[in-house]
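Written below as structure tokens is the structure these notes are about.
Read from first to last, the chains carry the letters A, B, C and D; within each, the first residue is number 1.
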Amino acid sequence: MRASMKIPARKQIGVIGAGVCGSEARALAEAVGREVAKIGAVLLCGGLGGVMEAAAYGAKQDGGITLGILPGTLREEANLWIDIAVVSGMGHARNALIAQSSDALIAVNGEYGTLSEIALGLKMAKPVVVLEPGWKIEGAHRAKSPEEAVELAFSLIGEERNKIT
Amino acid sequence: MRASMKIPARKQIGVIGAGVCGSEARALAEAVGREVAKIGAVLLCGGLGGVMEAAAYGAKQDGGITLGILPGTLREEANLWIDIAVVSGMGHARNALIAQSSDALIAVNGEYGTLSEIALGLKMAKPVVVLEPGWKIEGAHRAKSPEEAVELAFSLIGEERNKIT
Amino acid sequence: MRASMKIPARKQIGVIGAGVCGSEARALAEAVGREVAKIGAVLLCGGLGGVMEAAAYGAKQDGGITLGILPGTLREEANLWIDIAVVSGMGHARNALIAQSSDALIAVNGEYGTLSEIALGLKMAKPVVVLEPGWKIEGAHRAKSPEEAVELAFSLIGEERNKIT
Amino acid sequence: MRASMKIPARKQIGVIGAGVCGSEARALAEAVGREVAKIGAVLLCGGLGGVMEAAAYGAKQDGGITLGILPGTLREEANLWIDIAVVSGMGHARNALIAQSSDALIAVNGEYGTLSEIALGLKMAKPVVVLEPGWKIEGAHRAKSPEEAVELAFSLIGEERNKIT
């Protein structure tokens, strides 16, 4: 096959956060999604509402590609801005797939589900950036703005893994 | 959010088959991939070699989008033609995700892994088309050419589910 | 730790089949469950009704231990004869866990879900015994009675894997 | 079937913690395992070394039953004290199964993997007890001794879920 035609795969940046959120978190998530699209990465999320929907919406405003890994069994549960849906049917166990499939994770807001994804990401040696305020977990990086979060996440890809091995 | 800007989600067609295969199966899978891209659907597969690689390659030749749901923990295991990778780390259990995430499935060649995907697809009331020769399973449709397989799969989307409920 | 106190782990035999079944299949499954208990193996199943319930019931009549790997998120969905429940919340993807956790599989009756488990078991090089009538799949063994099925399954443990490696 | 013969299912208590740990954590985990067995609950864990092994060992010293939900594909990876093994082949995604299958969780020591299980347990509205010192997470209870941890965990079963619904 003509491997010469192949363009390197895009990075995949996971945006994690609550499925229901206020307008402030929504605005932050949308801005994160925009930045992810601007740097040419795929926006990966859990595919549902709240932070996930706002991030996907933001990415689509800048021509990005969005991937949603859904917990349920119906594609119809995906928010309107998901281009490609993985219908896992696995419930919360799909959080591990979000972490494993992301080259870096950015947490916006979020509760226990998000915490589990942060922990799984760190366990898998992925760069994890928490947009302030948010969970304070040793090993996770913190950022003060969507721009800083995406820039930091992107710059750390590959770094964390190297530290470990 | 401006829902009016939203384009309906593309259908996702799963192509399943052996990870190692001969040139004949490879040619068939490539043609299936091309047809999937031509009708504007996303090519979904297991992301590895053989039939999966040939189908993804075919889809990329016609400007399609490819999604690979990998069994392992490393994105690097994806074949060169996978645009978006889900790194499931779930081994064979990922076969259920391939079936659940596909609007229709097309089997090219394949052994026990493929058979499990055919069975899971039928269990989930998805249209399943087997490109001849291949597994003969009651409930799965058969097609004699890649063109017929993709046309049939696409036309059956939504139909099977309706029969059941 | 005093490893000398350790008794070798019991074999785990998976009984697979339809969640709704007639009295004939039920009687066969119950007899399979009894035999599994008699040889001292753990009865593993999907934890729901039909063949799964009958097999678990049979095992408990002979003092066996039963493990159910449930598809849903509630332990209450387990049938009455399940001693230990794994609440997977993974839907059909749990079929892979049933196959992977069984030292051998016995199929009683069953439809597409059972077929997927047979295929996954064969893919994982597990001995698979189909109690007649039932799916005819190359590589799966056939037995004419519950006693023959359990005896055959038990005798093949370890054999299949050796053939492959 | 004679439902009158049925004994109510045992509670399942998950003990989570690091796969490699020092002698202090090991002693605590062993004591937790003993207490779980004494109250007649099944000891559920990830089936590997460290805290998981010590807890299973403790449970077996008091005649308990132990269930290990392994991340890998080989039963041989289970520690010596696991009676019943679920060979998930799902990697870190199996953490969700540990949380979902436990009526209550007790954390002994542990790092990111344990944190993910605490978070998943809280997300699923399970009682989570952290044996001090350990992760401090809002919503998780804390205990100062193995006896207190098991007593507290057991007493909270059913309570947390009621608070939520």
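Rule of thumb we're sticking to: a contact is a pair of C-beta atoms (placed from the backbone, for glycine too) under 8 Å apart; a residue touches a chain by one contact, two chains touch by 3 or more.
Predicted model only: the values in this text are computed from it and were never measured.
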Chain pair repeating B-D, as identified from C-D, A-B or A-C when over half of the contact pairs by residue number coincide: A-C
Geometric centre distance via CA averages, chain D-chain C, whole Å: 25
Inter-centroid spacing, chain C versus chain A (mean Cα positions, whole Å): 39
Distance from chain C to chain B - Cα centre to Cα centre, in angstrom: 30
Chain D: positions in contact with at least two other chains: 73, 88-93, 96-97, 100, 124
Chain-level touch network, classified as line, ring, star, complete or other: complete
In the complex with chain D, residue positions of chain A that touch it: 90-97, 99-100, 111-113, 115-116, 119-120, 122-124, 137, 139
Chain C-touching residues of chain D, taken from the complex the two chains share: 1, 3, 5-6, 9-10, 12, 42, 53, 57, 60, 65, 67, 69, 73, 75, 78, 80-90, 96-97, 100-101, 103, 124
Interface residues, chain B side, partner chain D - complex: 73, 88-93
